[in-house]
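Two complexes are shown next, each including subunit A; its partner changes from subunit B in the first to subunit C in the second.
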Partner chain A sequence: MDELFKQLAESLSQVSGFIYPNEAELHWALLVVIYPYLTGLVAGAFILASLEKVFKVKEVEPTYRLAMLTALAFLIVAPMPLLAHLGHPERSFEIFLTPHFESAMAMFGFVYAWYLMVVLLLEIWFEYRADVVKWSESQKGWRRLAYRLISLGSNDISPKAVAFDQKAVHTITLIGIPSAFLLHGYVGFIFGSVKANPWWSSVLMPIVFLFSAIVSGIALVLLLYYFTTLVRRKTPEMSCLNKLASFLLYTLIVDLSLETLDFIHRLYESEESIKILSELIFSKLFLSLTIVQILLGTIGPILLLAIARFSRLPDELKRVGYFIAALLIQVGIFSTRWNVVIGGQLFSKSLRGLTVYKMQLVGAEGLLVGIGFLILPFLILFLLVKLLPPWQESRSS
Partner chain B sequence: MATTCERREFLLKLLQLPCSAVLLSMCGPLPLFADEKKEGYDAGEHYYGMGIQVDKCIGCGRCAEACKAENDVLRQPYYFRTWVERYVVYGDGEVTVDSPEGGIHGFSAAESDREVLRSFFVPKLCNHCDNPPCVQVCPVGATFKSVDGVILVDKDYCIGCRYCIQACPYGARYLDPRTKTADKCTFCYHRITKGLLPACVEVCPTQARVFGELKAMSSPLRRLMRMSQLQVLKPYLNTEPKVLYSELDREVR
Partner chain C sequence: MRTFRIPDQVARLAVLFAVAVVALVVVRHIFVPKSFGKLGHYRAAAVDEIASQSVRYAGMQTCVECHTEEAEKKSSSFHRGLACEVCHGPASEHASDPEAKKPFVPRERGACLYCHNYLPSRPTGFPQILEKLHNPMKPCPTCHNPHDPTPPHVPGTCSACHASIARIKAISHHDSLECETCHEASPQHRQDPRSALPKKPTNREFCGKCHAQNAPSAKEIRRIDLATHGGRYLCWQCHYPHYPEGR
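Coming up: the complex of A and B.
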């Protein structure tokens, strides 16, 4: 506790203007930034996967299974930072047992369980079922046992059964798209519905969250697809990358338009919070909002993608352009989450002062733990890919 | 055919289960527990509020001190169930607000070389809103509005997610690092249920704070409500505070 008091004393010494005495402590720190970032990647990756299944965008087919596994890996990790951030993680199950239905946060468990169990696991199971049955026959040792387990005892790979699998996948994807919208729109609602906080309270918040989620998910799958094809010494399919880049560009433009609309709306309405919020944007958030989120993370990638997609550059150069744009987008979307979560707590609700956030290096909410939560999904994805190879050449049929 | 019928019946029964649970919950608390009352205290007969006469507050900070002592609030200056703010409006229109250590040791003199238009103290505490956003957002219902209108936290139930702290527009909540649960003013619930006054009201030397029944016909608070023009903090948020201020300046947020 002494450590905490020391931190609070330091924070208090850097406050400008007036804050309520209880506001010295910043309550939602790095881990709560990581949570919406991870769920955004889940929703985005899933929506990309649904493009192929529902909207029949054939070009992105090579990324379908990879996108599904990515969504699963990130969804498994998504609640972990939240859990670690709770004062009493051992009581978290109360959200399931005695949910308070008026609370937006109480729905978390149900939305999450629905998405994990009904959408992702089921769709992946049907998608892989026939292959898993075949692998369970062709593989030996523990792999054979693992595939037996995953197949849940089913072994019918007649054309009729496989056709049913495909129909099931299609149906689940149809349910999955609104579910993905729900999953991340809901995260936006958690912030957007806090009327006490003028930086968060906005009806656009769930929609802005959603589009930034789609942007980050597509960018992540693009990065992973590019990276994994290189590691496997293959050439990435240019038609697939081009299509991904196009979708990335369009959603990025929609995302930027929404953010701009939000900005102009606030400026035009000019409510009582406008003074402190402009001070916030031009001081504490200048680097993370103006430079990183808008210039580096949005406008830069838009230009890069537009040039790489629509000019007559050689394919190698185009790919590099896409890759750099997708990387920048990840940095940009992470700072978007940062600016929402941390930015919303850097000003006093008295609207008379600004406070500071000093990230710790070690400790339960420190930088190292945060980096751990960002690396963990990739480790899980690595295992998933080993077990259920998403590559086209691995398909047994 | 027989099996399909059984399955249908089973599914129907399965459907009935949540339905009956919903119906049961509509009946309110089971009569089994309804008689449970605090000995000698009937919460249903009370509805509490507080009046604060801004022009009477002298900024001595005794209320903040008494609150910390009475309720075992951490001494560090980052945890307050009640505190006092000082507003200074200068001749050029500039407004400064301060609350050094919650005003617990009083206030040092303001800058003397500038023309001061007006200056005053404002005691703050949980507003025990009738439409409390903190209660709305609590995912497990650990924070709740009691029958007598007081907003309380069950610290054995709170999961420490801090959503209520974010939802409070008045900065009235904090996380107690000892219990890792949300904490706030209770109107000294342990005292008022015994007929005593909250500690901050008890020690106020100028009677700036008036505690009492909001609905009873004769109470000091009702008298204040009759005699003064009252305002609440941030009325546009529709939280319907039950802490009412008289002579409240427009600069106060």
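Coming up: the complex of A and C.
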């Protein structure tokens, strides 16, 4: 208790203007920042994967399976920060047993389940089935057993059966694209529909979230593709990287345009909240919004990608350019989520004061737990990649 | 003739899906309470469960039946809006057997402070004290009868009741001004605050008595031109009189 009072006293010393007593401390902290960041990566990675299957972009084919596994690994972890934030994760299954159709948050459980079960798991299963059957014959020990379990005993790898698998993958991807939009659009919807909060309440919110999700997902798969090829001592396919960089550049420009549109719209509307919001941007969020999100996370990568993509640089330099841009984008998108979630709680509903967010280091919602949730998807991805290698060479074997 | 055959992989997935659906139905059957959803999105039986709990509060009417003297005193005091059990706790058992079970009687300072400790968010004029300054260590009933809590002595200063205003004024340029400089309060206000409210300034000229260009007040006091400054606004629409330098 003393610790809590001490923390409150420290926060209060940094409060400015007038705030209501229940606004000094933020209710949605770091873990709620991580949650939209992770779901964004899932939706983005899946949409990248769909480019190859639905839109027949052949250049990005080497990243297809990696993108699917990435989406799965991040989707498994995505709800964990929420469950940790709410407490009592053992009760979470009850939203499936007694569905509440009027609650957007309760319905998200079904969107999540649909996306995990019907879209990702099914698509990965059909995509890998033929290979899993082959691996179950060539491998020994527990791996053999695992592959047999995964294949559900469906050992038919005749050309007809494999052709059916591919058709199924195509159909599921078609269903998957609106599902991915729904998955991350929902996250934006939840914030956008908080009408009492002028920083969040905007119909553009789901769309802005969606495009930033696509940006972050493509950037993550680019980073992973580049990193894994280096680890495997291979040369990344330049045509694939170039295509990824192009898509990244275009979506980033659309994302920036949407956010600028939102910004200009707010300025033009000039509602009564505009004063406190501008104070927020220039004081508490100056570093994370102006410097990190806009300059480092958006304009920097746009310039870097444009230079690396369209100039006559050697391939090695281009790759480094893409890599740095994708890394900066990750930092930028994370700070986008931060600015939305934390920023929306830093000003008082009285529109006359600002509070401060003091992150804990340890504790249920502390920095260490947050870092844990950011590392966990990579560990799961590592295991998935070991079990279901997404590389071209393992496919032919 | 060609017959349509369900592909092997789809059949196996269908089995898995059927198992999942059956599992969901079974789990729902086990975990969802039978009465869930009858009245709304909750367990209807919970209403009966709550209704079957024993009554703990007797209600003020029951108390009044025996404690007429206290009830009469309280009915004309500032505590007339409070039910007896707010301070004395649930007294249903006492009502059914007055001798066997005596209700709780708060005698420590803490009980009164739930409502009367100083908090900036409490309404102005609501009696609030700073526990460490207001007759420390003395239990409240020593001076205040809880059934008629009007202080035995009329408050000596305005800050006894208007604590938040006094604290703000103390750090402002208006600190040296007495409350009576701007507010005319009859002695009746101290005894029964709401029956005789103090007066407040009504026009710009009142502030001009010190702040106008030709005012006879001390030179250091900030001057304004009443004719041009602030247009038709009244002074306190921009300046809070208890802290005029704040914005």
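Keep this in mind: the second predicted complex is superposed on the first by the 386 of 397 C-alpha atoms of A that agree within 3 Å, B and C clash if a C-alpha of one lies under 4 Å from a C-alpha of the other, contacts with A are read in each partner's own complex, and residues count from 1 in each chain.
Operating definition for what follows: contacts are C-beta pairs under 8 Å (C-beta built on N, C-alpha and C of every residue); 3 or more make two chains touch, one makes a residue touch a chain.
Computed from a prediction, not measured in an experiment: that's the story for all the values here.
Peer 1: Sharing subunit A, do subunit B and subunit C clash or fit in the superposition?
Peer 2: Aligned on subunit A, subunit C clashes with subunit B.
Peer 1: Taking the superposition on A as described, I'd like to know which of subunit B and subunit C A:247 touches: first, second, both or neither.
Peer 2: So A:247 meets neither subunit B nor subunit C here.
Peer 1: May I ask you to name which of subunit B and subunit C touches more residues of subunit A?
Peer 2: After superposition, B is the partner touching more of subunit A.
Peer 1: Looking at A:64 after the superposition, I want to know if it touches subunit B, subunit C, both of them or none. Which is it: first, second, both, neither?
Peer 2: Neither partner.
Peer 1: Taking the superposition on A as described, I'd like to know which of subunit B and subunit C A:100 touches: first, second, both or neither.
Peer 2: Both partners, subunit B and subunit C.
Peer 1: Looking at A:348, would you say it contacts subunit B, subunit C, both, or neither? Reply first, second, both or neither.
Peer 2: It touches subunit B, and subunit C stays clear.
Peer 1: For A:126, using the defined touch cut-off, is the partner it touches subunit B, subunit C, both, or neither? Pick first, second, both or neither.
Peer 2: The answer is second: A:126 touches subunit C but not subunit B.
Peer 1: Now for A:165: first (subunit B), second (subunit C), both, or neither, which partner does it touch?
Peer 2: Only subunit C is touched by A:165; subunit B is not.
Peer 1: Under the stated touch criterion, which partner chain does A:154 make contact with: subunit B (first), subunit C (second), both, or neither?
Peer 2: So A:154 only meets subunit C here.
Peer 1: Touch check for A:322: first (subunit B), second (subunit C), both, or neither?
Peer 2: In the superposition, A:322 contacts neither subunit B nor subunit C.
Peer 1: Given 5-13, 23-31, 167-175 or 203-211, which part of subunit C has C-alpha atoms clashing with subunit B after the fit on chain A?
Peer 2: Stretch 167-175 of subunit C has C-alpha atoms clashing with subunit B.
Peer 1: Where on subunit A do the contacts from subunit B and from subunit C line up?
Peer 2: The overlap between the subunit B and subunit C interfaces on subunit A comprises residues 21, 94, 98, 100.
Peer 1: Which residues of subunit B touch subunit A in the complex?
Peer 2: Subunit B residues touching subunit A: 76-80, 83, 85, 96-99, 101-102, 124, 133, 135-141, 157-163, 165-175, 177-181, 237, 253.
Peer 1: Show which residues of subunit C lie in contact with subunit A when the two form their complex.
Peer 2: Against subunit A, the touching part of subunit C is residues 7-10, 12-13, 16, 24, 27-28, 31-32, 36-37, 41, 121.
Peer 1: Please name which positions on subunit A make contact with subunit C in the complex.
Peer 2: Per the stated touch rule, the residues are 21, 94, 96-98, 100, 122, 125-126, 129, 152-154, 156, 161, 164-165, 168.
Peer 1: Would you pull the subunit A residues touching subunit B in the complex into a rising list?
Peer 2: 1, 4-5, 8, 12, 18-25, 27-28, 85-89, 91-92, 94-95, 98-100, 102-106, 108, 190, 194-197, 345, 348-352
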